[in-house]
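Shared chain: chain A. Partners: chain B in the first complex, chain C in the second.
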Partner chain A sequence: MTNGLVLALIGAALAALLAGIGSAKGVSLVGEAASGVVSVDPSKFSKVLLLELLPGTQGLYGLIAAMFILIRTNVLSGNAAELSVQQGLGFLAASLPIAIVGLISGIMQGRTAAAGVSITAKKPDHNGKAIIMAAMVETYAILALLISVLMILNIGV
Partner chain B sequence: MNGTKYANAVGAVRAMENALLTKNDIEQLINSKGKAERESILASKSGTSNVETMEAVWEMIHEYAPDCKELEILLYKNDFHNLKAVLKAVISNREPSLYFISPSNVELNELVDAVSKKNYTLLPEYMQKAAEEAYELVTNTLDGQLSDSLIDKALMQAMQKSSDEFGSEFMQKYSRLVTTCADIKTAYRCCLLNKSAQFMENAICGNSDLDKEMLIKAALGGTEALFAFLETTSYSNGAVLLKESTAQYEKWCDDVIMDLADTARMQAFGSDPLAAYYIAKEAEIKNLRILSVCKEFGADKETITERMRKLYV
Partner chain C sequence: MAKLKMKKIELIAMLTDSKKIIELLQRRGVVEITENNDEELENTNVTTVVGEFEKFRNTAVQALEIIDNYAPEKASVRDLLGGKIEVEKHEFGKEAMQMEQVIGAANEIIKNQHIITDSANSASQLQIKCDMLERWKNLDVPLNFKGTSTTSVFIGTLPYLISSEELEEKLPENCSVEVISSTKDQTNVFIICSKEVYDEAGDILRKLAFAHISEPENRTPNELISAYNAEIDKLVSDSDKAKQRITELAENRYQLKFVIDYLQMRKEKYDALSDLGFTENTFVLNGYIPEKFAESLKNEIESKYTAAITFTDPSEDEDVPVLLENSKFSTPIEEITKMYAMPGKGDVDPTPIMSFFYYLFFGMMLSDAGYGLLMVIGTTIALKKFKLETTMKKTLTMFRNCGISTVFWGALFGSWFGDIVQVVARNFFNKEIGSIALWFEPLTDPVKLLLVSFGLGILHLLLGVAVAFKMTWDTGKKIDAIFDALPIYLIVLGIAPVGAGMFVTVPEQLRNIGLYMLIAGVIILVLTAGRTSKSIFGKFFGGLYALYNTATGYFGDILSYSRLLALGLATGSIASVINLIGTMPENKIVKLIVLIIVFVVGHIANLAINLLGAYVHTDRLQFVELFSKFYTGGGREFSPLTVNTKYIKFKEENSND
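Let's turn to the complex of A and B:
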């Protein structure tokens, strides 16, 4: 295994790890708020569940970026590519947008969605507005994923 | 994840807020013909029956946020009221449970034990000194009014000290509001009873939104001087009502505290929404009590409406 491949694998790990941590924190915060509402009014379960799912997407984006790195470096096929240090650094750099933005946006989206749980608790008919507000945070995770994927796909192997 | 505390408790409280009485409900209750109709209106509010006493409200909040110590400040007034009751009951050999208010941070038996054994270390720190001094005062002078005013002042000081220690901005504002409203009422009463400057110095807490020295000076000058002073402060609206009646002033004080609680409505995390819900429930229960008494004595709709406290929803 070359040093370049090690760097690429570190990149894949960071994408999955940091974005996953962001999602876990975000989902747990919304889960706390949602549990409070459901403990008093169980009929609101389906509405708050939608909000709880939103911060979970960052972890998924991290996984997608990591999978792209593993596919491009042929690690999944069992015939790992011989990567130079420059190429490895390229994959590591490509993983950073989704790793960092995924971590921060997952937590922030969790906060927004948890605040949205209050809207759902008090005015269930306005649940859509709470979802839209939380979904706005998603935009930046999608942009980061796009950049990461474009970079991964365009590194010459 | 700082600033996201009590997300679970706030979620629960937001759901419980749906069961709070609205302005329309209160109007319906005022227009109701009898007790049966009132009970059916209350029963139609889902969940209301679950938390119809302050003990139940407190238990529910405490269950969701057991580690939220700053909320205990809300119970200080009950603790100090209970201290007054127990002191008098112990000294006059009466049953203290008759005057005991719940919820409280200190249980009845703890209070009775501490006062009867004169072991004030059994009490929370914020009550120890006041309990000891009030006991000495009431046994030496047999002046219940003096010991009551000492306890009232100690209550305000304890609320302010604890809210400063916890660093809760909401509780700091709450403590200052309660203290200022109480100080104005004390100054007015002292004024009516021609109390001395020394008595006022001891009875008025200070550290409120008003300058203590100026308040005492104004109160010594008579009611007109007191109202003239209050009209220059942010409490002028309350002063206008105090001129008319103490009951109207007390309603104004409750409404000002409700305005403070209203500021927590936009918050998704922290202890403020929990404290606001407790205050809202307290006002609701007070409204129901006033309404029930007014109806019993055949008061007209205008009188009842006038006495209704501001609502949270």
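Let's turn to the complex of A and C:
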């Protein structure tokens, strides 16, 4: 295993790790708020569940970026590529946008969605508005994922 | 198409016909009644009647909840989607006659529920007493035993562990101590002593923190325990009987639902009555009605009753309710418009404008033909099988159409449950199939798809600008319309080939044309955008400011469409990862089993998450990028007096009954 490959794997790990932490934190924030609503009115469960799911996507984006790195470096197929240190650093750099933005936007989106839970509690018909507001935050995670993926796909191996 | 034209309706009819006319209006559901504010007319007070209806309805609702608790109905998909039981109208009248009986049953259900809760409470209290008595079990005298003619008795508890010998030492002579039971922190004792030392012993015991037994009874602990247990058994059997009775009464479920809906309708009818204005013999009804229903309603009412109906156009400053009507293709998207806001006074209905792009973008973000097929099949079955409410029907139809679009994009990109076709061929048949895309696979050329996304985004934005152009043009400000729209078209269309040139090769000529358009657009914008300002400086800086706004605004808007690519990639790559995990085992049979399990669970989860993502982000592209160009919203939705039932749906009836 070359040093370059180790760097690329660190990149993959960071993407899955940080974005995953962001989502976990975000989902738990909404979950706490949602439990309060469900305890009063269990019929709102499906509505608040939608909100709770929203910050969960950052973790998936991290997973996608990590998988792309693993696929590009042939780690998954068993004969890992001999990467130079520069190439490894390239993959590491490529993982950073989704890793860091995923971490922060996951938490922030969780906060927005948790605030949206109160909309669902008081005016269930306007649930869609709460979803849209939380989805605004996600835009930046999507942009970060896009850049990460474009970088990963275009690093020469 | 779009917003229906509203008329004001004024109906004057005989007081004796008032209930019948209101009932008719309720069944037709086309009139929104406004409150009478003519002070010369009298209002009726319906609070008592409505209160009565509410009371009975609450009883029925409560009873229904209890039934659902003890004899739950099998939850079906129909309930989940809010489907209703369909009945004929004359049957409704028949069922309504049995109301007293049903309310009687409801009361009995509630009474039995009370029996169940009360018995549970009493039983748990008795249980606590039994537990207390457990420690006195070895005592074979009644608890209130005071002693014989020569002896006195103490029965009670010391809050620490002590043996009978230790205690006897502390007490005067002629006292005998029997420890009934003891734990680490208390000792239950029976002390017998001769009458003479009773007071002395009492003083000592008090100092030792002795407490007499509470609630002394004239029975032995064992007798008491068995008596209590018998009582508990009886309570349990009472409660079982009550439960049994509730299960029997559960056969009234259907009637209860009926009564709930019936009372709801009655209540709304009486609420409507309170909005009317009355004279001695006539009543006046004011409201709004969509123009297209106006004539037929007028004919129907005037032919049956003595009534006079006039229609007028609402005045400019009135708060006219909005009702949307669209083509079959666009109608399902109305719910999305409603979620944002109903069109206000100056607005056009944005539904037909966004519907095509809505389906297109949704499909592109989900972009897996397999998932699309699942959506189409699922929604089609649900739509065929259940009698659904309009809202739910619209939503399902929307998802069906989005599903069709998803199949379209999925086929173009060659994604059927990710790369399952290739994976199965490679792992079980040792064949490499390669791409089955009708166009190209996004992963092989993401930049191309990114440009396609931006291109579609530009079309979407320019459509919004075009609508704004038409709206301004129609108000007569033709010059404003041109100078608002033209420079944006020139700039956006001009910058497109220049921007694309950074990623792919664009013909020199096209780039030059683009450049000239861009320059022309910028010049026009700077020269005209400040036209409302009076001073020459104001005009100039207004123009520059508009240029800055346009540049940053449209740049951000166009980039925002990159989510079309990103979400599509997300669906496809997670799907591929699922397939990859499924084929990890070496052994072919194990591989097949694992693949099937992982396939079903994984793809359902992926579909659910990406469905939510596609839905939310399609909404966003419409609300933020498109609506900001021309739409304000803020209208009030038309809410006619109608049959607002929860469980029952009437079969379509002919209009001359």
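By definition in this document, the second predicted complex is superposed on the first by the 157 of 157 C-alpha atoms of A that agree within 3 Å, B and C clash if a C-alpha of one lies under 4 Å from a C-alpha of the other, contacts with A are read in each partner's own complex, and residues count from 1 in each chain.
Simple rule for what comes next: contacts are C-beta pairs under 8 Å (C-beta built on N, C-alpha and C of every residue); 3 or more make two chains touch, one makes a residue touch a chain.
Quick caveat: nothing in here was measured; it's all calculated off a predicted structure.
What does the overlay on chain A give for chain B and chain C, a clash or a fit?
fit
Should A:S118 be classified as contacting the first partner (chain B), the second (chain C), both, or neither?
First partner only, chain B.
Who touches more of chain A, chain B or chain C?
Result: the larger residue contact count on chain A belongs to C.
Quick check on the superposed pair: does A:T2 touch chain B, chain C, both, or neither? Answer first, second, both or neither.
Touch partners of A:T2: none, neither chain B nor chain C.
Applying the document's definition of touch, where does A:D41 land relative to chain B and chain C: first, second, both, or neither?
Touch status of A:D41: first partner only.
Quick one: is A:I107 in contact with chain B, with chain C, with both, or with neither? Answer first, second, both or neither.
After superposition on chain A, A:I107 lies in contact with chain B alone.
Centred on chain A, what angle do chain B and chain C make, from Cα centres, as a multiple of 10°?
Seen from the centre of chain A, the opening angle is 50 degrees.
Once chain A of both complexes is superposed, is A:L29 in touch with chain B (first), chain C (second), both, or neither?
So A:L29 only meets chain B here.
Just checking: does A:S84 make contact with chain B only, chain C only, both, or neither of them? Give me first, second, both or neither.
neither
Between chain B and chain C, once the two complexes are placed on the common chain, what is the minimum CA to CA distance in Å?
Across the overlay, chain B reaches chain C at a minimum of 6 Å between C-alpha atoms.
Based on the A-chain superposition described above, do chain B and chain C contact any of the same residues on chain A, and if so which?
The answer is that chain A has no such residue.
What does chain A use to touch chain B in their complex?
Residue list for chain A touching chain B: 25, 29, 32-37, 39-41, 44, 107, 111, 114-115, 117-118, 121-122.
Looking at the complex, which residues from chain B come into contact with chain A?
1, 4, 7-18, 47, 64, 268-269
Using the touch rule from the top, collect the residues of chain A that touch chain C in their complex.
50, 53-54, 56-57, 60-61, 63-64, 67-68, 76, 128-129, 131-132, 135-136, 138-139, 142-143, 145-146, 149-150, 153
Write out the stretch or stretches of chain C touching chain A in their complex.
Where chain C meets chain A, its residues are 339, 443, 446-447, 450, 559-560, 562-563, 565-567, 569-570, 573-574, 577, 580, 609, 612-613, 616-617, 619-620, 623-624.
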